[in-house]
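Here the chain labels run A, B, C, D, E, F and G in written order, and each chain numbers its own residues starting at 1.
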Amino acid sequence: MSTKINYTQAKKELEEIVQSIEAGELDVDVLTAKVKRASELIALCKERLTKTDKELQKLLEDMA
Amino acid sequence: MESSFSLSELNRQVRGAIRDSLPGAYWLRAETSDVRGNQSGHCYLEFVEKDAHTQSIIARARGIIWANVYRMLAPFFEKETGQAFASGLNVLVRVTVDFHELYGFSLTVVDIDPTFTLGEIARNRQRVLKQLEEDGVLSLNKELVMEAPANRIAVISSPTAAGYEDFKDQLDNNPGGFRFYTKLFPAVMQGDRSEESIIAALEKVYQYKELFSAVAIIRGGGASSDLSCFDSYHLASNVAQFPLPVVSGIGHERDITVLDIVAHTRGKTPTAVAEIFIALVTKTATELIELQERLVEETEAFLLKEQSDLLTLSNALVHRSSLFLQREFSTVQELTVNVRHLFRQALQKEMIGLQQITVNLKHSLRQVLKEETTALQQHHISLQHSLREGLRDELHFIKNVEQFVQMVSPENVLRRGYTLSIKNGKVITSSKDVQKGDTIVTRFKDGSVDSIVTGTSSKEIV
Amino acid sequence: MSTKINYTQAKKELEEIVQSIEAGELDVDVLTAKVKRASELIALCKERLTKTDKELQKLLEDMA
Amino acid sequence: MSTKINYTQAKKELEEIVQSIEAGELDVDVLTAKVKRASELIALCKERLTKTDKELQKLLEDMA
Amino acid sequence: MSTKINYTQAKKELEEIVQSIEAGELDVDVLTAKVKRASELIALCKERLTKTDKELQKLLEDMA
Amino acid sequence: MSTKINYTQAKKELEEIVQSIEAGELDVDVLTAKVKRASELIALCKERLTKTDKELQKLLEDMA
Amino acid sequence: MSTKINYTQAKKELEEIVQSIEAGELDVDVLTAKVKRASELIALCKERLTKTDKELQKLLEDMA
């Protein structure tokens, strides 16, 4: 799953989940599922950022 | 026949007349023409005056500057005006008017006022500038944007000029180690031909304009500096309308020529022009470095922001979910309290309702019993009353009857003095029942008397 | 005689006597006889009334 | 006799007696008997009321 | 008996009794019986309320 | 029963019970039944919340 | 490629890339590609400033 969604979509979905929790729109019954999904998305985003960071670090060093 | 003069005699007369009538020195305004020096250091020239409109010569006079004067005057003039003393200049000179029997009329220059010429040059420049402005071209070249990097330069210069070499050296040895591409377009930079020569060079540059980022018109320093061609309308008009930015460097410290004014940028000397290009390229390089730095910074900032966004979101998730649950917990708690409270209230209300019913019941019962008791008492009272009334009525009736009977009882009537008249055993109640001679019995309470009727009368007594 | 006639009969006879006297048709002897009868009846009635009164007085007092 | 007639009947009979006496319809000869009956009925009713009162008093006290 | 009638029915019957007494519709002879019934109903209702209260009190305490 | 109704439904039903008690529309007999039901629903909700809390606690710890 | 884009275009593209990164308009997913392109453009510009362009050199020489 994690490879089919890009960072921006993942972040957006994550924001929507946080907002819906904030707005109290959620049923307690689906809360666990939502938080689970959110934690997956956070992991995905972190991985992406780390990867991007490494790639860019190399590019920027070569440039200097 | 009048006496005649020999030429020498006449010329002598003229010389005397001129000397007598124009004895001093005079300031003269005129244009120089055909200025030439000779080996002995004297300067020969002609002064002319042109019609302001037609430009045709309306006056002419020979002039001479003796070497001893010219040696002082020429450098002074050049120093003051930035202009060699040459043909085609409007000058204000102090002259003596001379006439020589052999050489004829001439004006000998003894002094010169360079400021007049300066004014003339300035006026001329103003005219040219005004014309360019009217043409709408004055600032065209200035408005051009110099393509970056400004390192491809078409150079218009005299190939032999020292200034050109200085220019190239300066560029080649630039401290940033930037690469410059120059191409010389040779031109005569001095004298009468310079104007057309420079224009021709510009035309040649024009053919390759895509290859260049700018044109440099430079002229090596040199002692003699004839700047008049750089004030020319034609050259200025060409430069102003040229599609590449023109940088001028015609090597004069003090004067700004028309060319300098219309050029994109002005450098004082060829070296200065080179510095201008070096500075431009350096600036371009600096911008590039800055851009690179920004790229690095922004990329790092971007990543940092994303990381912090992610952290914020992650924290929000934790915070919000626990808040959410807390809120739900307290909602359920509140509902529990409400249920308990409301339930107790409902029971209490029922209890009070029951109590009220009990009270009502007691009250109603007391009321019912009281009413019954009252009704009984009322009956009792009514009974007593009715009985008393009834008995009294009966007694009253009986007493009335008794009175009546006593009143009509004959015994009682006789006792009160009334008598009864009786005929044949019947009570007589009318005088008509008795006739004369009838015997009647009169009864008293204590006996009776028999009488005979002697007469009757029917007169009513009562 | 007095015990054989009740109050109501006595009162009725008394009323008839009063009516016949008032009609004035009576012979003195008859009248005298009627008056005599009337005073007998009156005495009877009075006696009855007095007796009843006393009896009721007692009853009502007991009741109170 | 008093136990065979209930309160309501007693009260009704009493009322009839009171009314007939009030209306002056009474024969003096039976009056004493009627009043005697009335006083009996009043006594009966009073007794009944007193008894009921006591019974209820007890019931209501238990209730409170 | 008390287990066959529910609170609502009991209360309704009680109210009807009180109303008929208030309206003076009742005979003194049946009054005692009615009041007796009423007191039974009151007792029944009270018991229900009290019993319910205890039962639920426990439930609600367990709830807290 | 408790597994067939979700938290939101349970909460909603609970709120409806509170409202109906508040509106005073209930019979004591029904009231008891309602409160009994309410206590069941409260227990269900609490259980759900506690379970969700534990699940989230674990998820969020894993995330950190 | 380097000969088809001039310095000004290259710099403009570079500035646009930097600005879009600055404006946060970019997706993390495309960031790497963009930074790569930017480093290419920087290299191109640097080359233009310092390295000899033989092609241009020849053109200028042929001109005379």
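To be clear about the criterion, a residue touches a chain if its C-beta (ideal position, glycine included) is under 8 Å from a C-beta of that chain, and two chains touch if they have at least 3 such contacts.
Because the structure is a prediction, the values reported are computed rather than measured.
**Q** With a step meaning a move to a chain it touches, how many steps does the shortest path from subunit D to subunit E take?
**A** When the steps are counted carefully, the minimum from subunit D to subunit E is 1.
**Q** What chains touch subunit C and also subunit E?
**A** Touches both subunit C and subunit E: B, D.
**Q** What chain pair has the highest count of contacting C-beta pairs?
**A** B-G
**Q** Based on mean C-alpha positions, I'd like to know which chain lies farthest from subunit C.
**A** G
**Q** Can you work out the rotation angle that lays subunit C over subunit D using Cα coordinates, in steps of 5 degrees?
**A** 20
**Q** Could you please state the distance in Å, as a whole number, between where the Cα atoms of subunit A are centred and where those of subunit C are centred?
**A** Between these chains, centre-to-centre, one finds 130 Å.
**Q** Take the average of all CA coordinates in subunit F, do the same for subunit G, and state the distance between these two points in whole angstrom.
**A** Centres of subunit F and subunit G (C-alpha means) sit 66 Å apart.
**Q** Determine the centre-to-centre distance between subunit A and subunit E, using the mean Cα coordinates as centres, and give it in whole Å.
**A** Comparing mean C-alpha positions, subunit E is 66 Å from subunit A.
**Q** Per the centroid of Cα atoms for each chain, what is the distance between subunit E and subunit F, given in Å?
**A** It comes to 33 Å between the two C-alpha centres.
**Q** For subunit G, write out the residues touching at least two other chains, lowest number first.
**A** In subunit G, the residues touching two or more other chains are 28, 31, 35, 39, 42.
**Q** What residues in subunit B touch two or more of the other chains?
**A** 292, 295, 299, 303, 306, 314, 317, 321, 325, 328, 336, 339, 343, 347, 350, 358, 361, 365, 372, 380, 383, 387, 391, 394
**Q** Can you give me every chain pair that touches, using the contact definition above?
**A** A-B, A-F, A-G, B-C, B-D, B-E, B-F, B-G, C-D, D-E, E-F
**Q** State the interface residues of subunit A toward subunit F in the complex, per the touch definition above.
**A** 27-29, 31-32, 35-36, 39, 42-43
**Q** Report the residues of subunit G in contact with subunit B in the complex, numbered from low to high.
**A** Result: residues 6-8, 11, 14-15, 17-18, 21-22, 24, 26, 28, 31, 35, 38-39, 42, 45-46, 48-53, 56-57, 59-60, 63-64 of subunit G touch subunit B.
**Q** Given the complex with subunit A, which residues does subunit F contribute to the contact?
**A** 6-8, 48-49, 52, 55-56, 59-60, 62-63
**Q** Touching residues of subunit B toward subunit C in the complex: what are they?
**A** Counting only subunit B, the residues touching subunit C are 380, 383-384, 387, 391, 394-395, 397-398, 401-402, 404-405, 408-411, 420, 422, 426-427.
**Q** In the complex, go through subunit B and note every residue touching subunit G.
**A** Counting only subunit B, the residues touching subunit G are 147-149, 151-152, 177-179, 181, 183, 208, 211, 281, 284-285, 287-288, 291-292, 294-295, 298-299, 301-303, 305-306.
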